[in-house]
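Take a look at the following structure, please.
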Amino acid sequence: MQRIGVFVCWCGSNIAATVDVEAVSQALAKEPGVVHSANYQYMCSQAGQDLIRAAIKEHKLTGIVVCSCSPRMHEMTFRKTAESAGINPYMVEIANIREQCSWIHKDILTGTEKAIVLGRTAIAKVNLNAPLTAGESPVTKRALVIGGGIAGIQTALDIADAGFEVDIVEKNPTIGGKMAQLDKTFPTLDCAACILTPKMVDVAQHEKIRIFSYSEVAAVKGFVGNFDVTIKKKARYVREDVCTGCGLCTEKCPVKKVPNEFNLGMDTRRAIYIPFAQAVPKVATIDADYCNMLKNGKCGVCSKVCTAKAIDYEQKDTLIEEKYGAIVVATGFNPISMEKFDEYAYSQSKDVVTSLEFERIMNAAGPTQGKLVRPSDGKHPHTLVFVQCVGSRCANCAEKGKEYCSKICCMYTAKHAMLTRDKYPDTDVYVFYIDVRTPGKNFDEFYRRAAEEYGVHYVKGMVGKVMPEGDKLMVRASDLIANKQINIAADMVILAAAIEPDKSARSIATMLTASMDTNDFFTEAHPKLRPVESPTAGIFLSGACQGPKDIPETVAQAGAAAAKVIGLLAKDKLKGNPCVASSNELMCNGCSSCERVCPYGAISYVDKEFRGPNRTVLVRRVAQVNPAVCQGCGACTVACPSGAMDLKGFATKQIMAEVDAICK
Amino acid sequence: MQVNEFKPKIVAFCCNWCSYAGADLAGSNRLSYPADVKIIRVPCSCRVNPMFILRAFQRGADGVIICGCHPGDCHYTSGNYYTRRRMALLFSMLDYLGIEKDRMRLEWVSAAEGAKFATTMNEFTEKIISLGENKRLEDLRCKK
Amino acid sequence: MNNVKEPLIPSIGVITDVRIDTPDVKTFRVVTPEGKKAFLHKPGQCAMLSIPGVGEAMFSITSSPTNTEFMEFSIKKCGCVTEWLHQAEVGQQVTIRGPYGNGFPVEEKFKGKDLLFIAGGIGLAPLRSVINYVRANRADYGKVDIVYGSRSKDDLVDYNEIISEWMTDDGINVHLTIDREQEGWTGHVGFVPAYVKELNFTTDKTAILCGPPIMIKFTLQGLLEMGFEKTQIYTTMELRMKCGIGKCGRCNIGDKYVCKDGPVFRMDELEELPDEY
Amino acid sequence: MQKITREILIDKAAFLLSTGVVGSVFGWRAGEFDYDVTPALFTDKTDLKNNFVFGDFCGANVSKYLIKATKNAEEKILVFLKPCDTYSFNQLLTEHRFNREKVYVVGIPCEGMADVRKIKEKAGEGILKISSTEDGVIVDTLYNGTISLKKEDILLERCKNCKSKKHVAYDELIGEDGTVLENDRFDEVAALEAMSPEERFNFWQNELSRCIRCNACRDVCPACTCEKCVFDNPESGVENKAAYNSFEEKMFHIIRAFHVAGRCTDCGECSRVCPQHIPLHLLNRKFIKDINQFYGEYQAGEEVGSRAPLVNYTKEDIEPNDAVNKGDK
Amino acid sequence: MRKCKVENIYTLLGEISKNAKLYIPVDQVNGAKFTEYAEGLTLSNALKTERSIKDFFFPQTENLVDFKVSGKIIEIIDNRSEMEDFVIFGARACDVRSMEILDRVFLSEPVDTYYANRRAHGIIISMACNRPAETCFCSTFGIDASKPAGDIVCYKGENEYVFEGVTEKGKNLLEKLNAVTENGGEDTAKIVQTEIKTILDKLPLKDVKADKFGKDKTDKFFNAPEWKTLSEACLGCGTCTFVCPTCQCYDIKDFNTNSGVKRFRCWDSCMYSDFTRMSAGQPRPTQLERFRQRFMHKLVYYPTNNDGIFGCVGCGRCLSRCPISMNIVKVMKKLGEGDNE
């Protein structure tokens, strides 16, 4: 039998206001196994923890029940407290009498009664707790960064600078991501390429960093500290180690009409190409969908002109197996498709563009060499209408867009409007908005400059319809402040498309067993306190894959994720989660049910000798759990009909005791 | 308050990653639901053994609800899919044995769905109150 | 004693003392809530102790019938009931019913004889009541030899009593042995059966054995080789029991019920039983 | 179709024994009467010739015995399996319960086995002799003279709705193999489903309250091969030896049915052996019916190594709340 | 002797049920079962009830005692209530003998008070077996199916039921029924007995003999090689023990309710693998030992302790219930045959 100490927290008035903490601690003192029961204002405070430590010593406690806030909040805290006083951290259970009790019940009688039941339940469990020790596993001192945008680049650089090896897997032929496509950046208007490309070069030259460009993560096995990752290096038909990036092939290639994705299809490239001048690695890639040689074996021009002999039409996708200790997801974002927003005539008129397309138009390296012209006729536009929140904040149109705010649109639209007015003072620029959101350093000042100094017409209201009429785009909108309908004959309409996580993220999340929210953004382990970690141990989040964010925020998060990775890789050994499944070999009959439901492949079988009746030896096939691989879900425990499989920390007996205590 | 008001006993198994967090969120947002609902934290809804559910009824529970991550969102990738199969068969079997089918329920509640958690518990409790005391799966020894 | 009328309904016992004997043996003192001895018994008889909800188990009463104040049970940790008991503190109530079994024929057969007690490990527990009974009625019995062995010095049950009381008694020879050499141990080292042979007792004694099956087997062999008759040797058995009154069928071996007809058997009686123990 | 007689089987067995293909034969041993045959292992040819029987009363599914028998056997064991037995055989192999190499399976056709209870119901107590005929049996009785009964009236419950005459595992076949049959085995389940919950509750309350927890259903079940059943294991938290009240009876049967769900081949042994005549197969069949309906047709034991529905899933599975409400629609 | 017309039997039963709970065999869906008498119920014609009358005196489960535990304090609660008188009508000779066998166990010192209490309040009206079955072999154990024991013996003739008071209890009850019975019936009883005897001679198991078994035969049979083949197919279920009218092994279990501990007794079976398992080991490790124990107990151990009376009554229930059709007749024949060689 345990010697249990019960500690009821007031949480200031958070608990004490609707739960009679004194009554709870008195009632729980009578429960079996309880030898000490106390209450205190803030159990999680230093003083509160000291109180627990003292009681452990004084009453020779073997188990602790803390009636306080959610275990998701302070379970760790109290486990550490217990450990520091010499008892096993897993002898601590939390009764959640704040979130599940005091905060939701107004009546003190009800609250107190329920708190007692919750406490009793935790006591019943602790009575059956056993000390658990975490297993140890070694750490592979290398990190994988999935995605080579600014988030991935920054994370990789920070980790590598700390002395650890980092591999970046980028699905495109070059790293750089969305930022490489941008022209200027708000609110300082420095040129994106000027600040990004040096970082790309740093990455390329860093001795600790390897770039797997034009590659994808194909499979992930293992667990924190010990991931086995299969990387698929797609065939680019150019030998990376040999190609000098001279670009001769891209000039001679006869296939000229390939839509250039870097410019969002607004111009063309060749079948062999280097995405942009500062690409890293600066290596050509053959687009197999267009290359004549690969399609029908007729051409071979690039091979002929390549003096470095880098062209290899026989190249195949290769699989590379690597071990990593930590994985950072930096899969980024994309603007949503405008297909469903027909009211803006995106598909009907070339002059209706998305903001990212506009960004390319404004970019000196873009399809128009930075000249603002209409995509349809190359004429200079005079009236430009910017539409905000296209697909963002769609509370009532979730089937078309997103419910969330895409966060960056207000600022880049201000930037676009400002730059347009700056370069082409002859233009009329309208911005239609629901709200203008500028909560960042120097953001509001930036927006006001656009509106006030640059004379951008900000109109609160939404655009109802855009109709192409002749070479004009008739924009019908409402002005909510003036409370009237307005019609504008525009030359160009720029849509601030909502952003969404990259489509590849979903399958990556599945491979990583990392959870996602309903919008496919990766969930963080804690929205406030652990914003750069995934709930899955060893998986970290960097950049827009976790939620919409601008460059400064992305870089900050990238650095934070790197710091977390460094913290992990700096350890030689990792302590595992001791709440893992284990099989009672005496009960196991080796039927394989558990193995089939294990999502981690943590269960294997061995033939083992057992003592049979009359001094005989029987060999039986029995299940064994690899505690380092097991994540403790418990699926196997229910699949096992013999009850041979149990889960430490959530044992069948413990849960049954909890059921009993609740129903008592 | 009425003297003979039926206070049902309801056991809610909540997975640690989604539904328990959803319950926490309900708490943080002060969304109230009946005190008759008591939560047992399990790592994943797939830890819930049918034996636990029957045990709860034996010990006097009037309703049992299991909450897990939405399909596809399981922290352990597939746990809730197994739960879904197990519970579909178990509930169907209990119904077949003439046990009121509304006494047991499976709901998917994400960590973000504090409001859903509270509504679900309110609705479930209401349902159980309308069904009355659990008579068909009771163990008289456990009645006071 | 209400137990005569209602054999399956226990009465309350209170643990008034817990003594740690060895790392896995504790001795519990049990009295009624009024502070009296729960019932009278013979040496070698047993009682059913239980903790409601945990289980009931049979234990031999280790204290002597001549002790009129309380009963003692030396209990080795080896199952859920015993594990629970080992956690119990003074003041804990348990339930008790008994006495069960035949006990040793201290009056009928042992009187006037020289006695040789041979015990191994926790096997001393049932013999202790006889030894103390004999000590209390010293005049009725001849010379007493006690051979007691255990794994180590720390595993010798009742060590203090052996040293301070038994060894100081006249006419009692205590021969202690442990399985392996141990620092601070100056006594004999070796297994009990070998030690018994070494001591080369005269065959006019009545031998009383208790210990693990392997010890019994080899000691018995040794005694027979030394010239003892089977009718001179007694032992006490342990088997799964539930009712204690020879009805539930669990401890049935051949035509005997160990809880009622045993647990004490003379070797020749035991040999007649089918080989199932 | 060739009628299988004991002589044919004895000859086959004797041949395989003498050629050393097998070291022993698992079959049925004659009893006191014509109907009380016992599964038995034969090693001796004389014993085989004198005591081996095969006939209308060899209903017992002997596949489970192979677990024990193969453990001690040095040589191969010959086993005669009826079509339905082969499903259990495969299921046991799926669960790695014995070594296939140690068994030599001779598949034998089956025209349905007789239920002596039904004969007694019709012919009364005092049965002196039962002889098989082309389409039934002739019963000599103490009190009612000689009675002849039609086979379809005396078939075992499970044979009335035979699911398959096809052997899904064998090394050798005597006679021709049959096919998987269309059958009405879910009709009884459907009839229960059509009742009101109250009626269903009363039905099962009445049936299950007769349970004496002798564990025959479990001990005979080829899917119940746990080293130690949770109901025998004090550590499991659900151990109960004798059902004290109707809850424990339900608990036992629900959990047992759940544990074999997806693994039960519907061999019907549980109902056959129940001394209290509880139609336990209706629990297992309910699970099979649900599985077929929710997750697609699945026959346990049809294929060695197939993945049981409860250790499998699809992302589009039915929601439990919809599963129980399906009847309301 | 007293008699009553066949058509008046329900009047008589009604009379009995006025003063005590009366149980009569009634055909249920799955065989005859002793059912509490109520007007409108019809007596079963079946030879045997599915379960024996053992259930009335030694029920499958019964609450022995309750405990309340709070902290270190235990309270013992004996919650037995006053036992009502009851009458069982229509017990067969074998079942009645089984009571004698159980009495020797439960009523020997120390007396099992639960059993004794039920015995004291129960009256058994036995009924001669008009139509013994092929599985009957009570004569093997010296039981006369034409003249059963019991508190009252009843013979069912063509037109009348005849009653004979045997014990004091029985005679008293019969006296109370004077209003619904009349004197006589001796002839009918004789006729019934003779008829039964003729049939008994035709039973297929009439030649099963128990004389090779009995007192002090342990050595002879304990190590017989036949046990291996006999026990080979045994599933280790408890069917035979639970339908057996004389099996009386039990277990004592505690059940932790939400508010206390209930200690109850339930049937157990020596056929179960955990029957004798203990922390120190398992004295009967395989089914062979457990199987042997059951039959040795019935045929050797019990007679040794009980003046040669066998622990089997030849009711034949195990013959028809065993899932694998293994039974005591096969055991006796096989072991007996071994003896001849």
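Chains: A, B, C, D and E, in written order; residue numbering restarts at 1 for each.
By our rule, contacts are C-beta pairs under 8 Å (C-beta built on N, C-alpha and C of every residue); 3 or more make two chains touch, one makes a residue touch a chain.
As the structure is a prediction and not an experimental result, all values here were calculated from the model.
Minimum number of contact steps separating chain B from chain C: 2. Chains that count as touching both chain A and chain B, per the definition above, are D, E.
The central chain here, found by comparing per-chain C-alpha centres with the mean of all protein C-alpha atoms, is B. Note on interfaces B-E and B-D: more C-beta pairs are in contact across B-D. The chain with its C-alpha centre at the largest distance from the centre of chain A is E. Annotation: 37 Å between the Cα-based centres of chain B and chain D.
One finds 72 Å separating the Cα centroids of chain A and chain E. Taking each chain's centre as the average of its CA atoms, chain A and chain D sit 53 Å apart. Chain centres here are Cα means. That of chain D falls 30 Å from that of chain E.
Residues of chain A in contact with at least two other chains: 597, 639, 652, 656, 660, 663-664. For chain E, the set of residues that touch two or more other chains comprises 251, 255-256, 258-259, 268. In chain B, the residues that touch at least two other chains are 50-51, 55, 59-60, 78, 82, 86, 141-142. Interface residues of chain B, counted against chain E in their complex, comprise 59-60, 141-142, 144.
Per the touch definition, chain E reaches chain C in the complex via residues 64-65, 67, 69, 72-74, 76, 78, 105-106, 108, 110-114, 218, 222, 248-252, 254, 256, 260-261, 263, 265, 268, 270, 275-280, 283-284, 289, 293, 296-297, 300-301, 304-305. Those residues of chain E lying in contact with chain B across their complex are 255, 257-259, 262.
Taken in their complex, chain D has these residues touching chain E: 31-33, 35-41, 60, 65, 116, 124-128, 142-143, 210, 212-216, 218-220, 232, 241-244, 269, 272-273, 275-277. In the complex of the two chains, the chain D residues touching chain B come out as 189, 192-193, 197-205, 230, 237-238, 244-245, 247-248, 250-251, 254-255, 257-258, 261, 283, 286-287, 290-291, 294-295, 309-315, 317-321, 323-325, 327.
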